[in-house]
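Before anything else, here is the set of structures, which you'll find just below.
In the two complexes below, chain A is the common chain; its partner is chain B in one and chain C in the other.
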Partner chain A sequence: MTASNKNKTKHVSYKKWGYLFLIPFFLVYGVFSFIPMISTFYYSFFENYMSGLKEIGPTFVGFDNYIKLFTEGDLLKYFENTIILWVLGFVPQIVISLILAAWFTDTRLKLKCSGFFKTVIYMPNLIMASSFAMLFFALFSNNGPINLILMNAGIIKEPFHFMSSTAGARGLIALMNFLMWYGNTTILLMAGMMGIDTALFEAAEVDGATPSQVFSKITMPLLKPILAYVIITSLIGGLQMFDLPQILTNGKGGPDRTTMTLIMYLNNHLYSKNYGMAGALSVILFLVTGTLSIWVFKAITGQREK
Partner chain B sequence: MKKTNQKASISLQIRRAISYIILIILAIISLFSFYMLFNNATRAHVDIQRGFSLLPGRSFARNFNNVINNTTILIVRGMINSIIVSTCTVMLSVYFSSMTAYAIHVYDFKYKKFAFNFILLIMTIPTQVGALGFVKLITAMDLKESFIPLIVPAIAAPAVFFFMKQYMESSLPLEIIEAARIDGSNEFYTFNTIIIPLLKPALAVQAIFGFAGSWNNYFTPSLVLTKATKKTLPLWIAYIRSADFTKFDMGQLYMMVAFSIFPVIVVYLILSKFIVQGVALGSVKG
Partner chain C sequence: MKKKVLSIMLAASVMATMLAGCGGTDASTQTEGKASTQAENASSSLEEGKVVNIYCWNDEFKSRYEAYAKDLEEKHGVTVNFVIVANENNAYQNNLDAALQAQESAASDDKVDIFLVEADYASKYTKSEYALDVVGDVGLTADDLSQQYQYTKDIVTVDGVQKGTTWQATPGLFAYRRSIAKEVLGTDDPAMVQEKLSDWAKFDEVASKMKDAGYFMLSGYDDSFRAFSNNVSTPWVEANKIVVDDNIMNWVKQTKTYTDKGYNNKTTLWAPEWSADQGPDGKVFGFFYSTWGINFTLLGNSLADAEGEKAVGNGIFGDYAVCEGPQAYYWGGTWICAAKGTDNISFIKDMMYRLTCDAETMKKITLDTQDYTNNEAAMNEIASSDYSSDFLGGQNHIALFAEAAKKIDMSNISDYDQGLNEALQQTMHEYFEGNVDEQTALENFYQSAIEKYPELTK
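This part shows the complex of A and B:
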């Protein structure tokens, strides 16, 4: 009796626990993410907006919203803005991060206080983006501290109107993005660099390679996978850029909508309850980020199979 | 030979000096805006208008009281709301993400691979693409002005899942579970009483990131909450930005921004070691 019982427990299948433990995730994802996404796609084929207090539609219009988005709206302009803002912040970010990561991992350089510097440069990443934007708005306003400093130093005679110049507003957003993300990127690249076999560096040193040769001939080629990951995830994040420009420009994307990003545009449609257009815009965003996501997915699964 | 050695050591010294200078400059740039924030939060409106100073002022207490007693901009209320939402979000997210990761790490079942790949694939899809459906859904469920649509979705957090899965692969031996089974422990009980305590280091890291993420979130709450008593901090920051700036007491304004930023900075400084270590863990390694 006892023997057969023992045999039984040995053959107990734990399969059902696997499914059971997955229920909360998939249930919640289904209700709060998947169904909303499908219904968003569904709404993109309907004309549905508010005209005054009267709701127009929903009437099925096929691909009209998409056509409208590309022909009438400023979709391409906002797409261009988003990409420009991302590039402006990302290029200095990746350059500085590569240099810092190389320094921090350089065994000959032996930098002291690297823990302190890492702590400091990572900090802005955890700051509330909307507060950060509010702070920059206050600091860079026409009679704000930055203008006062520049005037006191004699660099400019009159206050520079950051918020009414395209270069000024875009520059501020890029600067904030840079400050918020370069610490994060540095740490990721450092992890990648520390994974490189130190024997390679030692061999290069014995052969008399200069630091810049080591960087371009050994570090960079071996860093490619993580570099690709950093670039694509940053681009996906960049396409979602919202808090910083929204708060900095009070949702207007000023001056003259040159800092209006795709998600700000989506947000405007949601607020004006133009659901058809908001749906079509979401689908386009989904397609773009979805394509990029597959890239990230391949990077992760490729790495795991190694 | 000696000469080249000397030359190499001099060039190393120079490179080291350059590194330190650039690091110090970057540290100053990173900290400058926060220093200005702290500084201006201690100064009175007139002083801020009159000119710029690197030294703190004497109006800290006054600005602080003004913010607390402000009856239109309910920063303290916003802070309480933010704490409620972020705490609940983080608890649900780390617990259920661990559970999901545990399911895939420990058990063998037919759709395991599919479930894992599915979660990885949705990890980088932005929540914003479903925003329209989300608004319609919560309106239909009568959950507008409620914290539930901000908290409950945290149960499905693909990035936290991925982190926990990585952590389990590196430091959760399956023998422990076997041992618990032999002792006759129920699987759910094993997970709660044996596994969760073992995951503590990873849970702590994810709790910090999750808390900051929820605390800083502006997009989703702006779709859900509009009542003054319900607003979270980022919504109040947006409100301040949209108010008439010229009529504002700047000392009070800086203090409000400080309220939203400094709690996170304090927590960060206490736990920075774990946080900086945790950043690299959840990503692809080269």
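This part shows the complex of A and C:
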């Protein structure tokens, strides 16, 4: 065997291994994600649920489930709830995360104990969402510690029923989402910022740019790909918001169904084993998520190419 | 070349072990399990299964069983396994449904042998094939069942076949605090108090007196619900259409008034605040409770020290008394059903007989626990005796129950009672709290009712 021959075979086999190692992913994805997704599309055209212990259907009903969802249910209301809850949590989250990330990566600022703070702000994310929601439920219950503190401090006279007011319940869910995710977002944005060439910052400094100018003219534009990633993942997560409101409101989405998210609505259908309707709702959710993601992606990354 | 072959083989073996790790183990254990149970089935088709699985939603039945029928375990050589899933949001029923539907393919030790049902949804199961005939299949005789209250048999009887049996009858009464009655009404004598509460107008009058004296008439929104919902003129569902009866709306009206005027403490059923209202620090005059509620729930909540002795001096033990209240009603009740496909029929027969037919045991249960058991002769005997309950300040409440039990009318129950009662209470809470108007609350009720039961219409 000659040396050149050896080199050639090595080169080819690496490529093969690449594909080989990808097989498990595609296999698992196909079995656990792709096939279920296709079957969801399929079942959404059937009437199929349990009446007592009797199974009704499956009977093919065409687009009936979709028509029912739009005419009889309050689908748009739940969509609106979901988006409001997401925006309420995401806006403060991205603002705080950007500020924190900028501070942590700023070489001139040289924050002390930044490692410690980075760990601490990530901590809430380590708590399970369900226990986090239970904790808030207990803290903010009508006779809970928060009400006691507020009453003892003389700020309010009667206990404030957080879970019975739309602003209270939505505010709590947004606050929890913010607390759980701002650490994660900070870390992601920091990674993005540290990837920016420091020479650019130094050059700006030499040219006499102020910190705010550096941030808006250098950091932000170069951060766009990461920002797009953060917004899209957060949007998808937001549309699929379930555990926090479900547990905080005990599955009722109260008050007056103003914290009922799309997935909670889906869960209600699954609870009564209404597979057809749940399938139709999932398909709508899939389309909405897909469209929104593409739109956000285009809007954020498109400008750079122009 | 050798290296290449070696590395491919290595990669392949890594892959193989990975994939084997994913799915292989599961499959192999499953087949093993099946093989062994099949063998067991074959060898023990005439013998009893070793494990009796009992599906229920709280530990009330468990404590009855352990106190009065645990010795049957040894006699039949079985172990009893309780599968407890809470009732709320149909969780118990959904879990039970899934288990029953998997009954045929389940391993014999995993099969449901006994399941418990409540009046609110009993008919769902008795109409199905999953509940066995207690006479034809289980082997109890008509004579065994003769002393049970007729209504307890009617509720689980489909086409003349009785498919469940219960150890308790559940007439409802109004339990009130003697100390508060004395202070506000001037008497704590059950007969005198009953006179002041004999209809809803008088009940409202007393409520306003309680408010003036700094007490609450009722604890929360749902307290009087059963007294209204049991006196409806139509069942919840007629020909798949949801019917909200006028009497249900009377409950809504009353509760809204009570909430606005401060006659209740704005709690919800089963909430910690609601339970606390029944305890030593409670400022609530009374609670609508049926039999199990008095000896099981109210007694437990009235104690200052839950672990302490159940006697006068512990919390407000002895401060409660009962009277009929404004309207006769019943609440709850637990029926024992044998599941189709069980391999423990003889155990089930013995247990059902012991807990629901045997007059001696049932009398003992009543004397021990103050529960009202399902044996007319035994109950009448206690009712006319000088029996008295320490918890109720020496009152013979069994006499009141015996009267109330005769009035129970189960003609308006439907398969949907639990889900719809729960949905209505939940959606109406928001109306009571003033977040939505009555119409919106009703709309929300229909919405969640149809989510729970897709076949229903408004």
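Everything below uses one rule, namely that the second predicted complex is superposed on the first by the 253 of 306 C-alpha atoms of A that agree within 3 Å, B and C clash if a C-alpha of one lies under 4 Å from a C-alpha of the other, contacts with A are read in each partner's own complex, and residues count from 1 in each chain.
We adopt the following convention: a contact is a pair of C-beta atoms (placed from the backbone, for glycine too) under 8 Å apart; a residue touches a chain by one contact, two chains touch by 3 or more.
Not measured: the values here are computed from a predicted model.
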{"item": "Touched partner set for A:L285, first chain B, second chain C, both or neither", "value": "first"}
{"item": "Chain B versus chain C as contact partner of A:M37, first or second or both or neither", "value": "first"}
{"item": "Touching partner for A:I300 - first (chain B), second (chain C), both, neither", "value": "first"}
{"item": "First, second, both or neither for A:T233, with chain B first and chain C second", "value": "first"}
{"item": "Comparing the two partners chain B and chain C, which touches a greater set of residues in chain A", "value": "B"}
{"item": "First, second, both or neither for A:M190, with chain B first and chain C second", "value": "first"}
{"item": "Touched partner set for A:N143, first chain B, second chain C, both or neither", "value": "both"}
{"item": "Which of chain B and chain C A:G52 touches, first, second, both or neither", "value": "second"}
{"item": "Contacts of A:D256 with chain B and chain C, given as first, second, both or neither", "value": "second"}
{"item": "Contact residues common to both interfaces of chain A (with chain B and with chain C)", "value": "17, 20-21, 24, 28, 143, 251"}
{"item": "Of chain C, residues touching chain A in the complex", "value": "1, 4, 7-8, 11, 15, 18-19, 22, 89-90, 94, 97, 100-101, 124-125, 127-128, 130, 273, 415, 426, 430, 433, 435-436, 440, 444, 447-448, 450-455"}
{"item": "Contact set on chain A toward chain B in their complex", "value": "14-15, 17-22, 24-26, 28-29, 31-40, 43, 96, 99-100, 103, 108-111, 115, 117-124, 126-139, 141, 143, 145, 148-149, 152, 179, 183-184, 187-188, 190-193, 195-196, 211, 222-226, 229, 233, 236, 239-240, 242-243, 246-247, 250-251, 263, 266-267, 270, 275, 278-279, 282-283, 285-286, 289-290, 292-294, 296-297, 299-301, 303"}
{"item": "For the chain A and chain C complex, residues of the former touching the latter", "value": "1, 9, 13, 17, 20-21, 23-24, 27-28, 49-54, 56, 72-74, 142-143, 161, 164-166, 251-252, 254-257, 265, 268-269, 271-274, 277"}
{"item": "Touching residues (chain side chain B, partner chain A) in the complex", "value": "12, 15-16, 19-20, 22-23, 26-27, 29-31, 33-34, 36-37, 40, 48-49, 51-52, 96-97, 99-100, 102-104, 106-109, 112, 115, 117, 119-137, 149, 152-153, 155-156, 161-162, 187-188, 191, 212, 215-216, 218-219, 222-223, 233-234, 237-238, 240-242, 245, 250, 253-254, 257, 260-261, 264-265, 268-269, 272-273, 275-276, 279-280, 283-286"}
